[in-house]
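Pasting the structures here.
Same chain, two partners: subunit A is paired with subunit B first, then with subunit C.
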Partner chain A sequence: MEDLRKDTSGQWIALSGLVISLIIIGLAVLANQAALAGYHSSNAALEFPKENIRELNQHTRDNAQTIKDMAFYMNSTTNETVPVAFEQLFDNYSTQMQKLYAVHGEVVDVSLVSINSTTGNYTMEDIDMVFVNITYDDGRTHYSAEPEIIEVME
Partner chain B sequence: MNDKGQLHTLEGLGAAVLMTLTILTISQSTMIVTPQNELAIDVHLEQMSSDALTVMDRNPVDSAQYNLTECIACWDMNEADYPTDTAGNLDELDAGLRYLLPNALYNVDLAYIENDDLKVDKAIINGPAGKNAVVTRHFVTLTNSTVSEMGGGWNLGDNELKVVEVRLTTWKI
Partner chain C sequence: MKRLFADEEGVSILFEYILFSLICIGFFMIVSVNSDEIFMQTPNEVVMQNEMSDIGNMMSTMITDMYLILPANGQIDTKYDIPPKVGTETYIINADIAYTDQIIELVSSDSGKKVRVTIGGIATTMPINGTASSSSTNHMISYDSRR
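Take a look at the complex of A and B:
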């Protein structure tokens, strides 16, 4: 034991051992932080309803075109005017969307603001845009596009 | 003092510093996905299934593969029966999803409003949803013309449109 205490050789090795141990402690802290960062970023990605909002917007856009076609069909088979038929169909669409989103605890509102016609006539060629208000709320995230301008020229 | 092996010690020190710097650079520049973090797998799976539905939905009407609206429009309204009849007549949809979601299993439910009430039908059942399953949804609108073109069982009037929520539950196997 006395021999060991007086033996001062290998000090560099002892020092490098200390340095390496400090590095390992640093790495452990880093790895810990990385796990935490991964958890928080994943949680944020899962909580933010970007796909739901994107889907609401995209589906409304696609539907405006379908509704326009149906409104003209309704106009030809019943005595409803195109704007009235358009509004009825849009209200029907809006009600269904509200219910389907409400099932997931989300409040949406899709309402028709106006139908834009370049000449004032409501023919297939003249109706080029519709203005729609879209809002979405799930209690944490609120989104609104008022108005969303949708082009409905084929 | 013993001066031997100083170069080796310095080399070790240099290597340690190099490793630390590399890990620091990586960890500070990107989002770290640690294998232990199950939420990261959920994020990945949710994005994959959401993309799968979007890809199917965006398919042009005249292309060889039916798009999501056409697939749903052709449904005969008979719910799937696990394990004897997992997909009913939704073979096109099943094939599309199986191709787009490799190494994953999925169930498809269809939710829609009928007589002011919500109705949820099981369209494709591949088994009970496993641990860490994620649910994504996509909407399609059916009209009488799409349904009659595809020969589906939806009973729609000429001036009626039906919004159907395609609910996709996906889990890793």
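Take a look at the complex of A and C:
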């Protein structure tokens, strides 16, 4: 052991070993980077507001039904006609939706086009369809359904 | 065999030096000749493959989403962002073959690399067409029920 430590010859071999090991380390680092690059792809972000539009549509459908029921209730308690009551209630709904969506930076407009009755009477059974314009805009996506036909049959 | 272990004489330091130098030079030459292939092209190829199928899938998802909510009477327009380059190359999204093949194709303009993504048969009920270049500033998908 003493011999091994005292022996100072063979410097070149030691130096070559060092150089080779450094080269191999460098190459290993490079090879690792190359391998990692393969997994580092970009995630294309999807920002399509599918759920927002669906919700707006679904809400409007649900509310048209509710508003119809409320309009008949108003008609029975006050002397408002059903179409007028419906219109007023729908306007309220529209204003609320505009405010709710504005909080998220989205512009929506829900407006009543017409209340349809096949028989021409406005009783509970006769109002069967409501035509509503729905528009939605969040700056990137513009949606408009003109008109959206909503069935409000019981 | 016993002589091999007993023999403590090595090659001369000069010869050792030459040997190591030759090994180093040989190794370095192999690496430098293949370095472009190993360190540039292969990763680029992998990045392009991944990123192009990413983008293709995003397009496919977006078209499917639009298809799910499209109005009976009305229209939808949506803007989207895609990276201007994948790896080192620009590319074109081609949806013109969607009607016949039910796929969207991404074609790289330089190397001609193609990645195809399925759109799940939507094009039979909703015609899809158009191309988009990655280098243009605005990208948009439009639907209109009246057309």
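Just so we're on the same page, the second predicted complex is superposed on the first by the 108 of 154 C-alpha atoms of A that agree within 3 Å, B and C clash if a C-alpha of one lies under 4 Å from a C-alpha of the other, contacts with A are read in each partner's own complex, and residues count from 1 in each chain.
By our rule, a contact is a pair of C-beta atoms (placed from the backbone, for glycine too) under 8 Å apart; a residue touches a chain by one contact, two chains touch by 3 or more.
Every value quoted in this text rests on a predicted model; they were computed, and no experiment measured them.
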**OP:** Kindly classify A:V29 by the partners it touches after superposition: subunit B alone (first), subunit C alone (second), both, or neither?
**Re:** neither
Original post:
Should A:I13 be classified as contacting the first partner (subunit B), the second (subunit C), both, or neither?
Top reply: both
**OP:** Kindly classify A:V113 by the partners it touches after superposition: subunit B alone (first), subunit C alone (second), both, or neither?
**Re:** neither
**OP:** Compare subunit B and subunit C by how many residues of subunit A each one touches, and report the one with more.
**Re:** B
**OP:** Check the residue A:T77 against both partner chains and state whether it touches subunit B (first), subunit C (second), both, or neither.
**Re:** first
Subject >> Which superposed partner A:E47 touches (first subunit B, second subunit C, both, neither) >> reply: second
**OP:** Determine, under the contact definition given at the top, whether A:S144 touches first (subunit B), second (subunit C), both, or neither.
**Re:** second
Original post:
When the two structures are overlaid on chain A, which partner does A:N92 contact: first (subunit B), second (subunit C), both, or neither?
Top reply: first
Subject >> Touched partner set for A:H59, first subunit B, second subunit C, both or neither >> reply: first
Subject >> Residues of subunit A contacting subunit B in one complex and subunit C in the other >> reply: 9-10, 12-13, 16, 19-20, 23, 27, 30-31, 34-35, 37-39, 41-43, 45-46
Subject >> Residues of subunit A defined as touching subunit B within the complex >> reply: 8-13, 15-16, 19-20, 23, 26-27, 30-31, 33-35, 37-39, 41-43, 45-46, 51-52, 55, 59, 62-63, 66-67, 70, 73-74, 77-78, 85, 89, 92-93, 95-97, 99-100, 103-104
**OP:** Note which residues of subunit A are touching subunit C in the complex, please.
**Re:** 9-10, 12-13, 16, 19-20, 23, 27, 30-31, 34-35, 37-48, 50, 53-54, 57, 134, 140-149
Original post:
Across the complex, what residues on subunit B touch subunit A?
Top reply: 1-2, 5-6, 9, 12-13, 16-17, 19-20, 23-24, 27, 31-34, 36-37, 39-40, 42-43, 46, 50, 111-113, 118, 136-139, 141, 143, 158-163, 165
Original post:
Which positions of subunit C touch subunit A when the two form their complex?
Top reply: 10, 13, 16-17, 20, 23-24, 27-28, 31, 38-39, 42-43, 46-47, 50-51, 54-55, 57-58, 61-62, 65-66, 68-69, 71-83
